[in-house]
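In what comes next, chain A is part of two complexes: it sits with chain B in the first one and with chain C in the second one.
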Partner chain A sequence: MTANPPKTDDLGAWTERVLPTSLTEIRGTERDVLMRLRELAYDDDHLFAVRLALEEALVNAMKHGNHSDPTRSVRVSYRISPDRVEIRVVDEGPGFDPSQVPDPTADENLDKPCGRGIMLMRCYMDKVEFSPRGNEVFMVKCR
Partner chain B sequence: MKIQTRTEGDCQIIAISGSADVNASAVLREALLGAIESGMTRLVCDLAETDFVGSDALGVLITAYLKANGRGGFVKLAGLQPHLTQVLETTRLNCLFDVYADVASAVASA
Partner chain C sequence: MTEAGDILHISQRDGVTLVRLRAGAVRTEAEVEALGRGLLSVAEVPGQRVVLSFLGVKHLTSLVLGQLVQVQKHLAESGGEIRLADIAPQIHEAFTITHLDRLFKIYEREDEALAAFAEDAEA
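On to the complex of A and B.
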């Protein structure tokens, strides 16, 4: 892990979960985040966007970051206010350079089965930032 | 996610209801690729009741599309809800797949 413990500010407390590298662990986090969005009356477009970006970030962290190694963990932190959602996902992999990921919307890549996760995160969230090492992503969705 | 299959004309209709998330993609893969392997290569995916699709499931649809096309068949998509239509447009997969308003239109085009 490289991320410092998230700090609390006026957006409220962070909720943090440490997930084993297992795709079945993703649903619990998704369910919790969506429940809190519904409690704050976020609309269906926001629910869909956050769910999609969260799933893509967690799948990337487990599959590509941790190389599906069950001995490694993924740390996911989130805080949700009436105005915005912030999500941070950190894996225990070596990191990567997101600028080197091919554009999945290019004609020559359209029939590739993989490689759309980061693009979807960028399209559905208002802000997506990777750490310099690339093993941590921070995402924001505003209302 | 639940999958139900039926035959209409010479097409196999694969009706997918619920969320096609990463944990459902193995079942989706088995349904689509299993159909193709058993010789049913003219597939229409009925997505009218599909409320979510992640990139993993998109990858399964693309794999099925390539395999069906390679055997002279097709994979068509029908009845997409607005969020799925937006995902297809965002990824430009609407340029790869033939997309129809409903199953009847997809079958009629086959």
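On to the complex of A and C.
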């Protein structure tokens, strides 16, 4: 079940990439997304936000979703129009419940090394939705 | 293997360790690990006072924030501290969002951070 099934509309076709579980594989996708954003003259704040959220989603999928298992893959899909960016990341892990992730800003968690990725995604993107299973995230950034 | 020296430039200024990031972004797992190794090696000296300059850094992720938190925790155990400087506004916002601006003292420029350590030592 998907968090938000892709539809055909004026946003155009989805670009889909299947990445092996390796953080070095993130750069190619990141480069392509940033190139398209620049072609459409998105400003630096949008570039920073989308890049950060994309990277956090892919890192989460590889490290926490696929548990860094190199035999598993991550599927990333994106489509970019002049006024909207949509990104979908799916891992092959068992999923998780985002509501159970501790608040990283709570005093007792402030000095913990993990747990900030989802918060950053939610703050920098306009919409962040997880599938019921939790192994898929759908994000939107509007211009 | 990415070495800490590929990521960090480390020098001494009046008893404070000044660390500058060489790269405009620390992204790959190897780079993040090298950053962590380099900073933790600096933090091995008990009571070490460290200024980390982000001059030229345009992007980071929560992995880097996590490494900084670990280093701060390690330093605090021996009475040391890491202070941050030269952080671009967009990156500063990430520290604010995550409330890490409560964990770290953040200065506009590295010389201000160095001066603040000197003032604290005199007080």
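By our rule, the second predicted complex is superposed on the first by the 135 of 143 C-alpha atoms of A that agree within 3 Å, B and C clash if a C-alpha of one lies under 4 Å from a C-alpha of the other, contacts with A are read in each partner's own complex, and residues count from 1 in each chain.
Going forward, contacts are C-beta pairs under 8 Å (C-beta built on N, C-alpha and C of every residue); 3 or more make two chains touch, one makes a residue touch a chain.
Small disclaimer: the values here were computed from a predicted structure and weren't measured.
**Q** Just from the overlay, do chain B and chain C fit on chain A, or is there a clash?
**A** Partners clash after overlay.
**Q** Given the touch rule stated above, what does A:104 touch, chain B (first), chain C (second), both, or neither?
**A** Both partners.
**Q** Tell me which partner A:56 touches in the superposition: chain B (first), chain C (second), both or neither.
**A** Both chain B and chain C are touched by A:56.
**Q** By the touch definition at the top of the document, which applies to A:13: first (chain B), second (chain C), both, or neither?
**A** In the superposition, A:13 contacts neither chain B nor chain C.
**Q** Who does A:114 touch here: chain B (first), chain C (second), both, or neither?
**A** both
**Q** Applying the touch criterion given at the start, work out whether A:48 contacts chain B, chain C, both or neither, answering first, second, both or neither.
**A** A:48 contacts both chain B and chain C.
**Q** I'd like to know which partner A:123 touches here: chain B for first, chain C for second, both or neither.
**A** both
**Q** Which parts of chain A are in contact with chain B and also with chain C?
**A** Looking at chain A, the two contact sets intersect at 23-24, 26-27, 44-45, 48, 51-52, 55-56, 59, 104-105, 110-114, 116-117, 119-120, 123.
**Q** Which stretch or stretches of chain C touch chain A in the complex?
**A** Touch list, chain C to chain A: 27-30, 58-59, 61-63, 65-67, 69-70, 72-73, 90, 94, 97-100, 102-103.
**Q** Would you pull the chain A residues touching chain B in the complex into a rising list?
**A** Contact set of chain A toward chain B: 23-24, 26-27, 30, 44-45, 48, 51-52, 55-56, 59, 104-105, 110-114, 116-117, 119-120, 123-124.
**Q** Contact residues on chain A for chain C in the complex?
**A** Checking each residue of chain A against chain C gives 23-24, 26-27, 44-45, 48, 51-52, 55-56, 59, 104-105, 110-114, 116-117, 119-120, 123.
**Q** Using the touch definition from the top, list the residues of chain B that touch chain A in their complex.
**A** 21-23, 52, 54-56, 58-60, 62-63, 65-66, 83, 87, 90-93, 95-96
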